[in-house]
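Two complexes are shown next, each including subunit A; its partner changes from subunit B in the first to subunit C in the second.
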Partner chain A sequence: MVFTSQDLISLSPVLLIAAGILVTLTIEMFTKESEGILGWFSFALLLGVAYLSLFLIDSPTMLFGEKFVTGGRVNIFFFLFNFGAAIVVLLSMDYMKKAGIYYGEYYIILMSSVLGMMMIAGATDFIMIFIGLEQMSVCFYILAGFNRKNEKSLEAALKYFLLGSFATGFLVYGLGLIYGTNGSLSITAMTLNYEVLRSNPMFLTGMLLFIIGFSFKIAAVPFHMWVPDVYQGAPTTVSALLSTTGKVAAFSALILVFSPLIQAAYPAFFTPVVATLAVLSMLYGSIVAISQNDLKRMLAYSSIAHAGYMLIGLAAWNDKGISGVIFYLTAYTFMNLAAFGLISLVEKRDLRGTEFNDFKGLGTKQPLIAGLLALTMFALSGIPPFAGFFGKYYVFVAAIESGMTWLAIIGVLSSVISVYFYLRLTVVMYFDNSDEMVLISPTTSAMLGIMISVLLIIIMGVAPGSILNLINNTL
Partner chain B sequence: MIPVEHYLFLSAFMFITGVIGVVTRRNAIVVFMSIELMLNSANLTFVAFSSYLGNITGQLVVFFVMAVAAAEAAVGLAIIIAIFRNKLTVNLDEINILKW
Partner chain C sequence: MENNSLLNYLLFTPLAGALLIMFFPAGKKNLIRYAGLAVSLAAFVVSLFVYAGFNNAVYSFSSFQFEFKYQWIEGLNISYFVGIDGLSLILILLTTFLTPLTLLSTWSSIQNKVKEFTFFMLVLEMGMIGVFVSLDLFLFYIFWEAMLIPMYFIIGIWGGERRIYASIKFFIYTMFGSLLMLVAIIWLAVNASATTGYFTTNLIELYSVAPTLGINIQVYLFLAFAFSFAIKVPLFPLHTWLPDAHVEAPTAGSVILAGVLLKMGTYGLVRFCLPLFPQASVQYAGWIALLAVIGVIYGALVAMVQKDMKKLVAYSSVSHLGFVVLGIFAFTQESMQGAIIQMINHGLSTGALFLMVGFVYERTHTREIARYGGIARIVPVYSTFMMIVTLSSIGLPGLNGFIGEFLILIGSFKSPVLSNWMFTIFAASGVIFAAVYMLWMYQRVFFGPVKDEKLEKLTDMTGTEMFIVASLIVFIVWIGVYPSTFLGLTDTYSASLVNSILNTNGIITK
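Take a look at the complex of A and B:
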């Protein structure tokens, strides 16, 4: 195995982030007021790597003795992680100052979690998936409890930590069983031996435990218990990171394992499990979200429902489903970033002010923020012509093509239910009045991040075909 | 020589004990210990299969799992200490301000 300069270029997105972590650590060590520098430094680095990943998209390369792969679909995930994290950095700068947790370490840990996500997306081996997932999760536990003087934040961190490592336990035990029956942890080897393995109960138990482990991470019912508490308790911009890039990373691992099986045209063996998870998540998320009073908690339940829609794409068990899921993930990332970003602007200094009552009369007092929030809610509920509609459309079409029309129908029903709680916010903002003064001074960096996300939501809604083509070309 | 099934049954037993511990115990540290038990049952599976298959990968994985478990323990115990300073309890039933 020779490591050529071509390999080095293909690997450069990962190497740059890894080098960036070390550089930020050094800057943090030697400067007093590192927070200001580190924010913009990590933003520039993440944005640069996002661009670089798209630039290198046409060069699929196997690296390290076929243990790691870059290029093609993997680079789309690289782009999503880095671009999403760059927007989170923009949103965080002033929010962290407001919340009194303005520390440089935030950006270092954030970039480490991005490195973990990139390791998941590029893995060709279960052990790489596991290590990447753990690097990501451990960073997330720290970020969730970053506001260590705030009881809610700590409680969120503890719950996330206990349930997250519980999921890890399932995952590792499942990997043990897969290893024992397959003889190696390589996904390629598993695909080759699948014909024999699929009648082996021990292998199926292993795969089931693997799916359960990842269901925790993508927040699918019945493994969703941590999601509402964590998204509500964690600092708002951290919730934005957890709910977008964290979910994309977990889905990238599922796609990684399933798509070779789909391409080898093996029968859809896991479809009943995935379809059950999808139906439960969609209905539970949409129905429970109705009774929520806290906006962050409502978005957490909406995130559970969205995980359900994405799982439809996997349950469809065809290429269209996979590209639909990737499109959906892209759309969902920008919708949720915009939503959490706008909430972080409205949030008050004492980290209250995320309840529906706090948004009363926002339409007249803060027309710009209210307008953007209303647009994001329309997009999240799947009303055309925004990104959310086409995300749902593509996964539903994939499900219908593989003869699972009933799944698509349940999906449509659940989207209809979800319109209620998304539009409820719009009603509160524009038709309820309150005498309370709202003091919001939207800062430049946060508004820039929100504007980019909203612009992408509109572009993806107006020209979904070109982005879908980009995804299809990499399959 | 002990057949591989014995190790597998033992590890399955350990895993289930860990799961039951996580579900029933209320002290955060005991729950965390149960999670460690689950991870170690997975390690036992890996080592048993590694020796059964004559394949080194499983033993390598165990090192990774142990390293990851150590990193997780460092972060997790720090979180538990931080919450104890705030609330003077690590009982999960009393850590419940977040609910609907």
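Take a look at the complex of A and C:
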């Protein structure tokens, strides 16, 4: 195996992040909280790698004896992880200080989780997926409990850790069965032997366990129990990370495994399973979100529902579905980043103030923040002309093209339900009046992150063409 | 002669204005008001240019003018495709005409958050124009849905006591219908791609493909589209959101809601349901006409017993729009022409009624009929204006309402599809009921003893108010006396649409 300089360039996004973690570690030793250099360094690094990933998108390269691949679709995921994490860094800088939990490790762990995500997205082998997933998840467990003086944060971390490990158990067991039947953990080998394997019940059980393991990570019903508690208990900016890039990473693994089967035009064997998960997630997420009083919890259920919409794209079992999921993931990432970011601004020092009532009359007192939040809510509920709508449109087109109109109809019905709780926030902000003062001093870095996200939400809704082309070209 | 980017100017003038106004200081209310008015007047002027360049003598319902096409989202073959025909033009003129008048009417009634209000009104105007000019189903859907947001805020922020309930009900009700339509749009495009070979939402291409689809597919699609439009119209029994929304909305919201938003439902039926699914339309014409006639009578009867003036006018809308739907599904040129002109009539008359009710509400803060009485002596000018508007709503010959109702009744009487006179007979009774509830209200409010001493201090209409209503009355009389100006715009359009549908179904006109 010869490792050329070309390979080195292709791998550079991953290498840079890995090197960045080490550099950050060193900087952390010599700086104080007040200097803020760590945050800006991580931001610059993540942004640079995000850009680099897009720059290298045209050169798909197999590396390490076909164990890892970069370029093409993988780089779109690289971009999403890094760009998303960069925005999370912007949101975190002042939030962590406000919450009194500023530790330099935060950025290091955050970047380590990004490294894990990149390993998942670039994997060509089940074992690589597993290693990446663990790398990411362990970082997430720590981040969820980052506010170590807060009970809820600790509870979130513990719950996440226990259920996450449980899910990993399913996953590993599934991989064992897959290996046992195929004699290899390579995804290519699985695709080649699929004709034979698909009549093997042991292999199918393995795949099912694999799907279950990842259903935990993407927060699909009935494997969603950890989501509300973790999103609510974790520091808000961490919830932003978990709900966006974390979900993108988990979806990238599912796409990684299913997309070769779709492209080889193998029958849609897993469609019923995925469609069931989709229906359950959409309806359960939308219905239960209605009764939530905490915004972070509401967003958690909304995130469950969104996982359902994205699963429609997978269930459609065609190329349009895959690009639909990727587009949806992109849109969803920026919508949730904006939403959590705005909530983190309104949140008080003691980490209270994320309930609906705390947003009363915000439309008058903080017109800008309220306006952005309202826009984000409309985008999340899938109303044009924002990104969320186009994402839904795309997966619905994919589903209807493969003859699953019923799935699209359930999708739109749950959209209607979900409108209610998204609207509720605008009702509270604009139609209710309150005399209570809300003291918010939006900081530059956080506002920058939010503005970028909102701008992308609008652009992706009004002119989705170029992003769509980018995604389609990498199929 | 034909300037193809004229429609773009028309569409983006309000949006540009709205975005500009966002940067105005919120304190300068008058500046914002003038700016809003100027922008909406600019849009009106552009629409007049469109009118001037419009060619009446176009013979097919599927040919459009001022077409502008731009490949928007390549991956899904979606284009920004706009164009107009007589039907769109007349509704655009209604929109651009009503918007500045409505804005003007809010100068005294809307005092808080003027900036936001003007912003939402202008965005709403763009959405409404967008619906009428879109020739791509995807583009149409975007405007159709996006328009909900400003209307939702207008009801929710500036509305009455139960505004939250009303605005959410309005939003979710309409969204429910339109999302089913979204699935239908995709399903239609997917089915049509079997014939065309590619996925398209281009309306003109679908006009030729959709009618060739199997009757079962057509029926499902027709029902999904019709359901969405019926909610917007609103057709009985899907009307329950309307009284709530109307009563709670501020006057300006009610005027736009009644004047233009409801027309989108009937516009949708004519523009999409009929030409795309001609066989299914004829197959279900009887049922829809039945619901329309029930709506005519039900709306009138419920209006009769209302204690609140605004609610009365709201229910009268259900009744009037029942007429429009009956006209659409009678499939004769007369009834189609009647339905189109009745859309305009309803916009003018009901818009004027809501304005008039709003003017008096601003002074007395009550809309309860029982608390009024004998104010004809106190506010003579108001009473006169109200009389004209009331008569127009009733359908007095010489005023606009008569023309529309008469054409619809004639058309439905000799309809080749609704071969039952009962529709016409029952619908005609709606005209009588209208006279009853409108005149009865007029009598209770304006004649008899003065119930409340405070009413003695009621001031008459201001110059601005008179100007607003008088502008509407000009057209109320114009349509009543010389309707050809307006009927001429859609003459060939209606004939070609009706003939094409009848031909597709193999029906020979008597």
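The working rule: the second predicted complex is superposed on the first by the 469 of 475 C-alpha atoms of A that agree within 3 Å, B and C clash if a C-alpha of one lies under 4 Å from a C-alpha of the other, contacts with A are read in each partner's own complex, and residues count from 1 in each chain.
Simple rule for what comes next: contacts are C-beta pairs under 8 Å (C-beta built on N, C-alpha and C of every residue); 3 or more make two chains touch, one makes a residue touch a chain.
This structure is a prediction, so every number in the text was calculated from the model and none was measured.
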Practice task
For A:I409, decide between first (touching subunit B), second (touching subunit C), both and neither.
Solution key: second
Practice task
Would you check which partner chain A:A156 touches, where first means subunit B only, second means subunit C only, and both and neither mean what they say?
Solution key: first
Exercise for the section: Give the label of whichever partner, subunit B or subunit C, reaches more residues of subunit A. Expected result: B
Exercise for the section: Considering only touches as defined above, state whether A:I142 meets subunit B (first), subunit C (second), both or neither. Expected result: first
Practice task
Considering only the touch criterion stated at the top, classify A:V427 as touching first (subunit B), second (subunit C), both, or neither.
Solution key: second
Practice task
Considering only touches as defined above, state whether A:G176 meets subunit B (first), subunit C (second), both or neither.
Solution key: first
Exercise for the section: Report for A:V419: first if it touches subunit B alone, second if subunit C alone, otherwise both or neither. Expected result: second
Handout entry: Which superposed partner A:G20 touches (first subunit B, second subunit C, both, neither)
Key = neither
Exercise for the section: Applying the touch criterion given at the start, work out whether A:G324 contacts subunit B, subunit C, both or neither, answering first, second, both or neither. Expected result: neither
Handout entry: Residues on subunit B engaged by subunit A in the complex (per definition of touch)
Key = 8, 11, 15, 18-19, 22, 28, 31-32, 35, 38-39, 41-43, 45-46, 48-49, 52-53, 55, 57-58, 60-61, 64-65, 68, 71-72, 75-76, 79-80, 82-83, 86-87, 92, 95-100
Exercise for the section: Could you please specify the touching residues of subunit A with respect to subunit B in the complex? Expected result: 127, 130-131, 134, 138, 141-142, 145, 148-149, 151-152, 154-159, 161-162, 165-166, 168-170, 172-173, 175-177, 179-180, 183-185, 228-229, 232-233, 291-293, 297
Problem - subunit C - residues contacting subunit A, complex - result: 72-76, 113, 138, 141-142, 145-146, 148-149, 152-153, 156-157, 163-164, 167-168, 171-172, 175-176, 179-180, 182-183, 186-187, 189-190, 199
Handout entry: Contact footprint of subunit C on subunit A as seen in their complex
Key = 323, 363-364, 378, 383-385, 389, 393-394, 396-397, 400-401, 405, 408-409, 412-413, 415-416, 419-420, 423, 426-427, 430-431, 463-465, 468-469, 472
